[in-house]
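Notes for the one structure printed next.
In this document, chain identifiers A, B, C and D correspond to the written order of the chains, with residue numbering beginning at 1 in each.
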Amino acid sequence: MSKLRVGMVGYKFMGKAHSNAYRALPMFFPETAVLPEMTAICGRDPVGLEKARAQFGWQSGETDWRKLVAREDIDLIDINAPSDAHKEITIAAAKAGKHLFCEKPLALTLEDANEMLVEAEKAGVKHMVGFNYRFAPAVQLAKKLISEGRIGKIHHFRAVFLQDWILDPEFPLVWRLKKEIAGSGSHGDLGAHLIDMARFLVGEFKEVIGMEETFVKERPISESMTGLSATKSSDDAPRGEVTVDDATLFLTRFENGALGSFEATRFAAGHRCTNAFEINGSKGSIKFDFERMNELQVYFTDDAEDVQGFRRVLATDASHAYMDAWWPAGHTIGYEHTFTHEVHELMTAIAEDRQPVPNFHDGVRCQEVLVAVERSIAERRWVALKEFQ
Amino acid sequence: MSKLRVGMVGYKFMGKAHSNAYRALPMFFPETAVLPEMTAICGRDPVGLEKARAQFGWQSGETDWRKLVAREDIDLIDINAPSDAHKEITIAAAKAGKHLFCEKPLALTLEDANEMLVEAEKAGVKHMVGFNYRFAPAVQLAKKLISEGRIGKIHHFRAVFLQDWILDPEFPLVWRLKKEIAGSGSHGDLGAHLIDMARFLVGEFKEVIGMEETFVKERPISESMTGLSATKSSDDAPRGEVTVDDATLFLTRFENGALGSFEATRFAAGHRCTNAFEINGSKGSIKFDFERMNELQVYFTDDAEDVQGFRRVLATDASHAYMDAWWPAGHTIGYEHTFTHEVHELMTAIAEDRQPVPNFHDGVRCQEVLVAVERSIAERRWVALKEFQ
Amino acid sequence: MSKLRVGMVGYKFMGKAHSNAYRALPMFFPETAVLPEMTAICGRDPVGLEKARAQFGWQSGETDWRKLVAREDIDLIDINAPSDAHKEITIAAAKAGKHLFCEKPLALTLEDANEMLVEAEKAGVKHMVGFNYRFAPAVQLAKKLISEGRIGKIHHFRAVFLQDWILDPEFPLVWRLKKEIAGSGSHGDLGAHLIDMARFLVGEFKEVIGMEETFVKERPISESMTGLSATKSSDDAPRGEVTVDDATLFLTRFENGALGSFEATRFAAGHRCTNAFEINGSKGSIKFDFERMNELQVYFTDDAEDVQGFRRVLATDASHAYMDAWWPAGHTIGYEHTFTHEVHELMTAIAEDRQPVPNFHDGVRCQEVLVAVERSIAERRWVALKEFQ
Amino acid sequence: MSKLRVGMVGYKFMGKAHSNAYRALPMFFPETAVLPEMTAICGRDPVGLEKARAQFGWQSGETDWRKLVAREDIDLIDINAPSDAHKEITIAAAKAGKHLFCEKPLALTLEDANEMLVEAEKAGVKHMVGFNYRFAPAVQLAKKLISEGRIGKIHHFRAVFLQDWILDPEFPLVWRLKKEIAGSGSHGDLGAHLIDMARFLVGEFKEVIGMEETFVKERPISESMTGLSATKSSDDAPRGEVTVDDATLFLTRFENGALGSFEATRFAAGHRCTNAFEINGSKGSIKFDFERMNELQVYFTDDAEDVQGFRRVLATDASHAYMDAWWPAGHTIGYEHTFTHEVHELMTAIAEDRQPVPNFHDGVRCQEVLVAVERSIAERRWVALKEFQ
């Protein structure tokens, strides 16, 4: 059993999720050909870093990512720092010959994402992008049904990613609401997941047209921010401009003729994390909602005439992807193990000397769609993806 | 097309429901071999009666049921007066040679119910008892699946009938809470429906044991009561004793070896009318909830291994019982049409010169189970149904 | 109690639905100030007409709508013939001084719809358009919550109308698939309902952009067609071109700043009649799905912190619109009574000498949005509604 | 931060679940006053043991539990071996002064369970019993609502634990189907969890009456069995007698006057792990289904009249028990973390020098109810819990 030595940049929400995945992998997937060694974690604040290192179980810490990248005892760099830092770290790590695991979105611009892909390929390293939702067993089942032709030709894909954490106008101006750090708002944060899901399950986009809105244009300035929460600022806190979208919607036509509808918003009261899609094909349909991530709703047109209807499949049987590694049928798993399965793919791909899926190509394709939507909004017209090729 | 002349006793909740069914039948089931003529309606209060007669569309009114029964221009007597009046009217009508349609429960006692059956049979008339829930298309689908062996051998039946209309201790002492008029409380009112459903779908009961409770033992005395509502009495209204059960639960073993669980209560906060059951067989399962009466949940063990799950069948396709008479697929029908279908069976049976189903035999069998449960409660022991044979 | 004498053109799906509403109104809403008299029904085929007349309970029949319109014993003309006949009949009826009740969509073109409105206004008659879904009690509850400010400022409206009745490529070329008769496909048939719902609940549209697709471009030619079904044609039946859209999607910005997403399709496998919407506001959210038409899902941001969540409100309590006329709480009603309530509004408005809501103004506004979407598709650009003013 | 050195007996399903909890605790609850050290794992088969040791991350292994119990570097013994081994190990460990964490059911007989409690108390050690379902955040929310009086006086508790893993008559005769090892079947395995949940949420049982059935009385003899799966035996495998119940149902009256209904079965087709209950009180109701373990359905009678309905609360907000340790709101957790929270209580209680809850007292009370039900079945009569005091 060989080991892969991981160095990780970032220790907040995603850093915690990735650390947990590295810890879970040997416990639940002991047969994985290569297993991760949690060699070093990196962050700028020495106090926060050391706390995270001890809590998450990393062997060492670094406060300068350049040092991390330079370390010879590291095989792979995991980048989950804020999006504006992805490019520089990734390229440096590639040049140092490290394998790459980068959170989505790859970069703030399509140019940057492309450059990251080019450099990773030039360096000959493995590269993965963090579209973790692909790895829910119910989503894997959706993929399987589609691949086996059991849903037929796809006519429709409609997806929403609905949250409500910034609905309150007094919620502070955290980094995710600043364009220079986050790149975009709900579009890049949530919409990117929907776009990747569509590419995974339906295929490539042909053209798009969208619209966006920032419902709350100024917010109190916040002292600190981690994950999706923030320090409550005082009532008379100065206000700053929100420079990203609160909501972005777009329509698409896929290369294979299917029609798509997408909506990402942080203003959907009552939805904490509704990442949901439905696919309608010529032989059946599929529905998924991440708030019930262990379930897939499936409909087949060839069911007996008197008992046609959507089935609620609890994707926890041993026959479902990854599930024989967990608990007996009917015992659900949580959000965090989308990352465990993702890391399983990453390690397995490295062991098999192939690119993991999804990789930077997927990251770039996703970024193209994000940018195409933004362009369609700015120019108020349909934008074809071929404009980017 | 021949006509059957109906005389109906009672004009409150059930009188309205029956009237509506007689009106709907020719409109939606014009091919029915015999159609009802709404000849006369009967009630004691002349003012209320005339109002109901005009509203519901009856040709004439009678304030004395004896006169109604004696009328030569009446072929069938429909009895939906309070339960304590069923026996006398039914037997008189039978002796007058009228066909009979009697609301459940047939009578206040098993002896009375038996006598009603004997007299009806002796008179050679057709007799039906009002277990309307059998006639929901989704329930008919359940019956079909079971009859065709698609659910296999039945292991379990569990049913609840949950309401909350008397949860408030200040809700007044209406007639349904008085033993001398209603016979029993939730047991005879709600439990009777569950028992009939079990007999319809599973088979005959072998033995039972139950328990009951009256949570609120005294209530303000009410001036008037219709349907399930009542005039709010004043704060200092005198109180009277509640003499029926608020809730009755029982276990059963069926003749065919299945196990059953039953609960009827008017104290289930949040449940306006949850009349629900589930059946588990060796080849599949069925779930029904009347609050979503157009739906049946169905599970088959022989579905492909990776897509096993309960299907939500919307029983509104033309292939579902009765539904080609209504609207296109996906357009639901309401509670009231369980009665329309019930009356369809009644008229069709009379046209075909056979007993309708369910008839007084079913009413008596149901009453036996009701009484067996009451005896099991009183004597704190299992009671076998064969004690009644 | 005065009577309004109705003459109705059309006796298929909508003719049946309207007839049933006229029959139900006096039974369930006897206090309505004006009640309908089912004076005459009109259709071209004498045999079919007479059958419908007898079945639905109309006093007389006419095979020429011109004769119907000319009859002096008629106060209101109800037009539910195919869409291409709406304009001529409506205008003739208006000129004859008859009140008007026209099914949606008003006409095949916006110009025609406008002309119908102008003539109706000129004639000084009452006019109503058949957007029946407004009249589901759960939808009325949604309207009430919004009107009372309990949902706050609306940010999002997303709606789908999903059916699957023409998914099979062998389903024949019925009239609803021919542009010259139906005007458009899913867009005018289903999308029109969504647009009206949005106008009812959110407000006026500002601009739109859409896309459409016809997945199956040729179909076997059918002998006959009624409602949504058709005579199965032979295997070697000649094929004809489908000239309407199978699916139309569009995005919108409302005048009040809300964002909207719309999808109407007849290719959503597993969906018999999913007419569903969700509204997200600053204080709460609302969800509705017509397949469970008695339910409304409601969320409030000011619920206690630990018990926030969507509530499933069964809109059958006496406190809900129209429901005290029906059955006790928990007893659901069906699709057909959206029409009963619609006719209640029609009769009441006439009694009160005011225009019913929705009326031809609403029909024209809806048509404007339909046309704006079509133009946006043809010209591949955002179309502002002010282009029509 | 002090450490508690754990020695664990058993390494199958429960051993894996407990190991995972010990691993997760320091990562997600780093502030826990005492954290577990995974000192030694124990099992009879040296090969299987070593594999489990390495996989689960234990420091050492023992093949004889007596040696484990005797080790001075162990503070707590965790017993999750098959039920027939619980008593001997537990008492030996108690006598060795070790704290105790024993899976449910405590023992095969009430006498044994009582003896275990007596010895644990005599030894002055801390003792916990593994009713893990108490620790789902949604269940903790149910407890909170009840404790704060927000549901009012409880009238009804109804619970089912439905599985289907032995529905197939060819499923082999695994140890869980043998009375001498498992004690009982669905009753002790599944019903025990329901009983504990009822005691946790409602209170003590007063009297019970039950029934049971073994639907498949003989099964093929299996070579090996782990968790809930087994080696498929050959077609002509010899058959052995099933000596436990396939299903057990019972009714109860609680000390506080509430009525209870319980059903545990392994023959409910379509139910992989439906551990569900509903509570109806005078002010509201609660529903829980473990297959959607992050959700609690809650109803309050004092909600505004027009928006009363069950709310779906996704118990993943920071305000819900344990959830601030995990992920942002809307991101669900899985089955396994009921154990993580359970171990959190165990460690915290030891740090605070108090008995954990639930402890052996709860284990004995649960066993009393299990035995009372069995006696009620054997003697076909109501059995009062006071018979055991």
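The criterion applied here is as follows: a contact is a pair of C-beta atoms (placed from the backbone, for glycine too) under 8 Å apart; a residue touches a chain by one contact, two chains touch by 3 or more.
This structure is a prediction, so every number in the text was calculated from the model and none was measured.
The chain with its Cα centroid farthest from the Cα centroid of subunit A is B.
Put simply, the C-alpha centre of subunit A and that of subunit D have 36 angstrom between them. One finds 41 Å separating the Cα centroids of subunit A and subunit C. Chain centres here are Cα averages; for subunit C and subunit D they lie 54 Å apart. Those residues of subunit D in touch with two or more other chains are numbered 271, 308-310, 314, 317.
Taken chain by chain, the contacts link every pair, so each chain touches all the others. Within the complex formed with subunit D, the residues of subunit A that make contact are 13, 17, 19-20, 23, 26-27, 30, 54-57, 163, 165, 227-229, 271-274, 291-294, 314, 316-318, 326-337. Taken in their complex, subunit C has these residues touching subunit A: 155-156, 158, 160, 162, 164, 167, 209-211, 213, 215, 247, 249-251, 253, 257, 259, 261, 263, 265, 267-271, 280-285, 299, 301, 308-310, 380-382.
On subunit C, the positions that touch subunit D within their shared complex are 141, 144-145, 298, 300, 303, 305-314, 317, 319-320.
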